[in-house]
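What follows is a pair of complexes built around chain A, which joins chain B in one and chain C in the other.
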Partner chain A sequence: MALTTRRSRLSTALRYALLVAVALVFVFPIVFMVMSSLKPDLQLLRDTTSFNAFLPVGDISLDNYFAAFRRAPVALFVFNSILVTSITVAVSLFLCSMAAFSFVFLNWKGRDVVLAAVIATLIVPFETIAIPLLLVVNNLPWIGPNGLTTGWLNTYHVQIVPWIADALTIFLFVQYFKDLPKDLVEAARIDGATWFQVYARVIVPISGPVIATAAILKFLAMYNQYLWPLMVTQSEAFRPVMVGLQYFFQLNVAWGEVMAYLSLITLPVLVFYLALQRAFIASIASTGIKG
Partner chain B sequence: MAGLALKNIHKSFGKVDVIKGVDLTVEHGEFVVFVGPSGCGKSTLLRMIAGLEDITDGELWIGDKLCNEVQPRDRRIAMVFQSYALYPHMTAYENVGFGLTLAKTPKAERDAKIREAARILQMEHLLDRKPAQLSGGQRQRVAIGRAIVRNPEVFLFDEPLSNLDAALRMDMRMELSKLHQDLGATMIYVTHDQVEAMTLADKIVVLNGGIVQQVGTPMELYHRPANLFVATFIGSPKMNLIEVEVKETASGMITVGSQTLDPVAIPAIGAVKPGDTLTLGLRSHHLTLGGEALTGTVALVERLGNETIVNLEVAGGNALIAALDGDTTIERGSSLSLGFAPQNAILFDASGRALDEAVI
Partner chain C sequence: MKLAFFGTLGLTTALSTGVMAQTELSMWYHGAGNPAEREVLVGIIDDFNASQSDWVVRLQEFPQAAYNDSVTAAALAGNLPDILDVDGPNMPNWAWSGYMQPLQLSEDAIANFLPGAIGRWQGELYSIGLWDAAVAIFARRSVLEENGIRVPTLDEPWTGDEFNAALDTLKATGDFDYPLDLGMADQSEWYPYAFSPFLQSFGGDLIDRETYTSADGVLNGDAALEFGDWWQGLFQNDLAPGTSQDMAARETGFLDGRYALQWNGNWTALPAIEKYGDDMLFLPAPDFGNGPKIGAASWQFGVSANSDHPDGATAFIEFAIQDKYLAAFSNATGLIPATSTAAALTENYKPGGQLEVFYELSAQQGELRPVTPGYIVMSPLFRKALADIANGADPADALDAATDAIDADIARNNNYGF
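What follows is the complex of A and B.
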């Protein structure tokens, strides 16, 4: 009995040790980034050869942050990114979940073929369609404050619209919806619900885990966008954070400022992730999908 | 409230025919039970009435309205599912009232209806709980409450008691029966449990292989099954079947006998002649001590208190089950003779159809 207890304690200890080691692997780069952002360049480079790189030692200040704000319109970039990302995430979740709902709960001709085609688009890398897509959006009309215009370049919507329909998000919702009891939908139909009411009042309220998962994955994908916004935004007024990073690599590179900028733009991601973390983990645990 | 008429209803899934031409009339206020083994099409038939499955062919009338293409919500029906299908994110109160909320029923009226349903089902104290906090029986009540508040013309029940334990099932059965009396509504109930069918139904519809085998009151089905399938499906223990040969036919009487059975004249009418082979059906409860018709060795004795079930091995390797008085003292291995009243026996022809009973 005592032996079993000791053995199980030992295995618990080992398991925790392993978890701590893995956690450190993930945490160290972030610690390094934040610590470096507080140091002048000379000290920063010198510290990289020792463990000091991870410690707040030496000449610590917020100077790099002030410098970063002087060098680039950081607040504007963060604002642009959050605006584009949050609108895309919200609209994408809404439309993709409705698409998934129709794939799972509605009976229509060709449904399975269309779903297969949608999922097949997952294997098409964005780089292969980047140029054709650019040509398309460059000729599309738009009705805005300036009336009817042609060409979407240098706008927010050019960064949003092409990313709303998303095979991965649809797939996540389809998988989740398939596991829901069909009786619920049928009961709601008999209770007098329209299809939209079934979706909005029965299915969405019990889809918290998949909404959280899809939201996080979509948020990260959008927030990390680089190539597309670089192609479609020439004016800095619409540029997101990742494109903004190149301001710090022009002329003389100041690593402290780079680190300060990176620390700043990581914040929204952390906040968003922590907010949805619980539901996200619940979802991974229940569906076996790796985030 | 309204009755229901099914006219030559068919259902196919691809090339598979599941329902093969069902004609049925359900009177207003009737409690009709669809019963049959798994896969007989009873649930499909119910779901077609609900509007959850398309009707491949035929007509479905609810009241005086042809409902083939009518949306479920417009059929004035309510359904209780086997899984209860309660919305997990809503309280019992919200579950019961969901249909009324969708119909934009004024709040006060909605509240009154929900509380009235809760009173009928004695679940006022459960209204604030979510489904996860309710037991199986309590969830069942909420599901029935959700049906009641819609004030439907027809209630549909899809095996609603099969997830409950035996004791609770019996309680709920009685409550459903009482509910039917109180509401006076038309109810259609699907089950594979013949005890539920017998105890609840005004009218039982026995289905097998997508075809209606017989429609009748529980007692009609018990005493005069239309064919061998109904004879063996309804009644517990199962009806005893003995292969017999026609010895003689007279007006309204067919004398049959076999190696097992001494010749006996059964009041029945049919196109049979001496030498034909028939099947004789005998209910266990119709076998009595003291007769001489069937003699054999007792293979097993089950004492249930109120009755004693005896397995009797008779000549020709046949086994009979007799339900005798509870106080009978019979030992395993002993020899036993049983008799029966000829008017209680039923003869089935070679195709399995019952011969008509002769009125003496």
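What follows is the complex of A and C.
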């Protein structure tokens, strides 16, 4: 009995040791980034050859952060990214979940073919459609404060609209909805609920985990956008954080400022993830479990 | 009272009409994120806008690493500005692609400019630079003298044999991790910019510049193979760190005394002087038989093909290339002013200035990268060949592969108009 207990403890200790080691692999880059953001360039580079890279040692200060704000309009870039990302995520979750609802719960002709076609778009790399998409948005009309205009370049909506409909988000919702008990929908319909009421009052309230998962994945994809905003925002006023990162790569790269900027722009991602963490983990944990 | 009112109204109207009469010129520049450069450029634009009443220049800045893609996207969308800047070796491609139009500057206006600052394509001037950059061998006088190595001069650079012997001597001391740092960590345009001059000094090149229609025989000929063997020997004999070098080692190795010599640009010269003071030397490229050579051409101003106001755009560029502005740019950025008269106005490049040698290096050894639209394809192919050879590939195979790919690209593009 004592031997079994000792083995069990040893096994637990080994498991935790392994988990800690894996966690460190993921945490160290973030620690390195934050620590490096506090050091002058030469010290930062020298420390990369030792464990000092992960420690707040030497000439520590916030100078790189102040310099980063002097070099680039950091607050503007963060604001732009958060604005574009938030709107896209919100609208995308709404529309993609409704699309998935129709694929799963409504019977209409060609449903399976359309779903297959939507999912097939997952294998099309964005780079292959970037130029045609640029030519399209450059000739699209828009009604805004300036009345009817043509061409979407240098706007927020050019960074939002093309990303609202998204096959991955639809796919995630479809997979989740398929596992929900059909009885719920049927009961609501028998009680006289419209399809939209079924969607809004029955399905959405029990879809927290998939909403969190889709929101996090969409948030990351949008927040990390580089090529598309680079192509469509020639005006600094609309640039997002990833294009802004290039401001720091001059002939002599200011690595400390790069790390300070990266630390700053990582904060919104961390906050968003932490806010949805519980639901996200619930979603991952339920993967593969059939209802 | 009424008279005063109408008088004021009339004056205001006249003034505002004057302002409205100014035609707006849009300008794109690659320097976003460089406050010192921005300050000088904005100063030039303000001076220009105030100096006349016909044109007003509006600046839009882009980060350098994203600039070329932004211009390409804008060209596709028909959204190019009036004035743009272009990296020298890319200019022929932009001209050939229809992004730029010839620059209507007189020859007198650019007569004193460094060759690397003048962008010509098919006999026409397309762009002009306010500065150039130059590469040198960074060294310490004390290290060379302790090891009995001759200090080369512009008039008498090291021969290839002398250079190789110097590397062997420095390696034999055991005092350094490597005798030479080439900057292999920087796997970007640095490779063709910094290393193709070695190939040219051996007698090879990226393309046959007589015809610009083939690389066969120059990139894979005898001279190129000799270069390839020498290049591979640097890494096989542990004379220089290879492609696995990291940027931290590149940036600190020479300053920390772990590399005896370093092949580096003038933009990193001031920290080296700060570290080593009078002991610091900037040496010319070695001569491998066809003259000592370094890369030339940096960013330059031009007029976009879309511009409806090439006369205004040209007027701005002509205004911007005054010596006082070239000097201001140099003082702000550390780069080499494009004329000797401007150099005399600068802190670092004036006679006796601590970077004076770089002006002469640029003037005497600067070699343009191939002036062809196909250069943007050659550049990554040559970079790959150099990396492959450094990593142990057969030099003949690597250079043959690059030659074939370059020739195929040229054929695919109908010889790029040659």
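Methods note: the second predicted complex is superposed on the first by the 286 of 291 C-alpha atoms of A that agree within 3 Å, B and C clash if a C-alpha of one lies under 4 Å from a C-alpha of the other, contacts with A are read in each partner's own complex, and residues count from 1 in each chain.
Rule of thumb we're sticking to: a contact is a pair of C-beta atoms (placed from the backbone, for glycine too) under 8 Å apart; a residue touches a chain by one contact, two chains touch by 3 or more.
Every value quoted in this text rests on a predicted model; they were computed, and no experiment measured them.
**Student:** Putting chain B and chain C onto chain A via the overlay, clash or fit?
**Tutor:** These partners fit in the superposed model.
**Student:** Between chain B and chain C, whom does A:T150 touch in the aligned arrangement: first, second, both, or neither?
**Tutor:** neither
**Student:** Could you look at A:D183 and tell me whether it touches chain B, chain C, both or neither (first, second, both, neither)?
**Tutor:** After superposition on chain A, A:D183 lies in contact with chain B alone.
**Student:** So, A:N138: does it touch chain B (first), chain C (second), both, or neither?
**Tutor:** second
**Student:** In the superposed arrangement, which partner chain does A:Q246 touch: chain B (first), chain C (second), both, or neither?
**Tutor:** Second partner only, chain C.
**Student:** Applying the document's definition of touching, compare chain B and chain C: which contacts more of chain A?
**Tutor:** After superposition, C is the partner touching more of chain A.
**Student:** For A:L45, decide between first (touching chain B), second (touching chain C), both and neither.
**Tutor:** A:L45 sits against chain C, while chain B stays out of touch.
**Student:** Answer with first, second, both or neither: which of chain B and chain C does A:T128 touch in the superposed model?
**Tutor:** Neither partner.
**Student:** Between chain B and chain C, whom does A:D191 touch in the aligned arrangement: first, second, both, or neither?
**Tutor:** A:D191 sits against chain B, while chain C stays out of touch.
**Student:** Output check: A:M231 vs chain B and chain C. Expected answer is one of first, second, both, neither. What do you get?
**Tutor:** Only chain C is touched by A:M231; chain B is not.
**Student:** Please state the minimum Cα-Cα separation between chain B and chain C in the superposed model, rounded to the nearest whole Å.
**Tutor:** Closest C-alpha pair between chain B and chain C: 49 Å.
**Student:** Just which bits of chain A does chain B share with chain C as contact spots?
**Tutor:** In chain A, no position sits in both the chain B and chain C interfaces.
**Student:** Flag every residue of chain B that touches chain A in the complex, lowest number first.
**Tutor:** Interface residues on chain B, with respect to chain A: 50-52, 71-73, 77-79, 81-89, 98-99, 102-103, 146, 150.
**Student:** Across the complex, what residues on chain C touch chain A?
**Tutor:** 28, 32-35, 60-66, 69-70, 73-74, 76-79, 246-248, 251-252, 255-256, 265, 267-268
**Student:** Quick check: in the complex, which residue numbers of chain A touch chain C?
**Tutor:** Residues 41-42, 45-46, 48-49, 70-72, 131, 134-135, 138, 151, 153, 227, 230-232, 234-236, 243-244, 246-253 of chain A touch chain C in their complex.
**Student:** Within their complex, state which residues of chain A touch chain B.
**Tutor:** 181, 183-184, 186-193, 197, 201-202, 205-206
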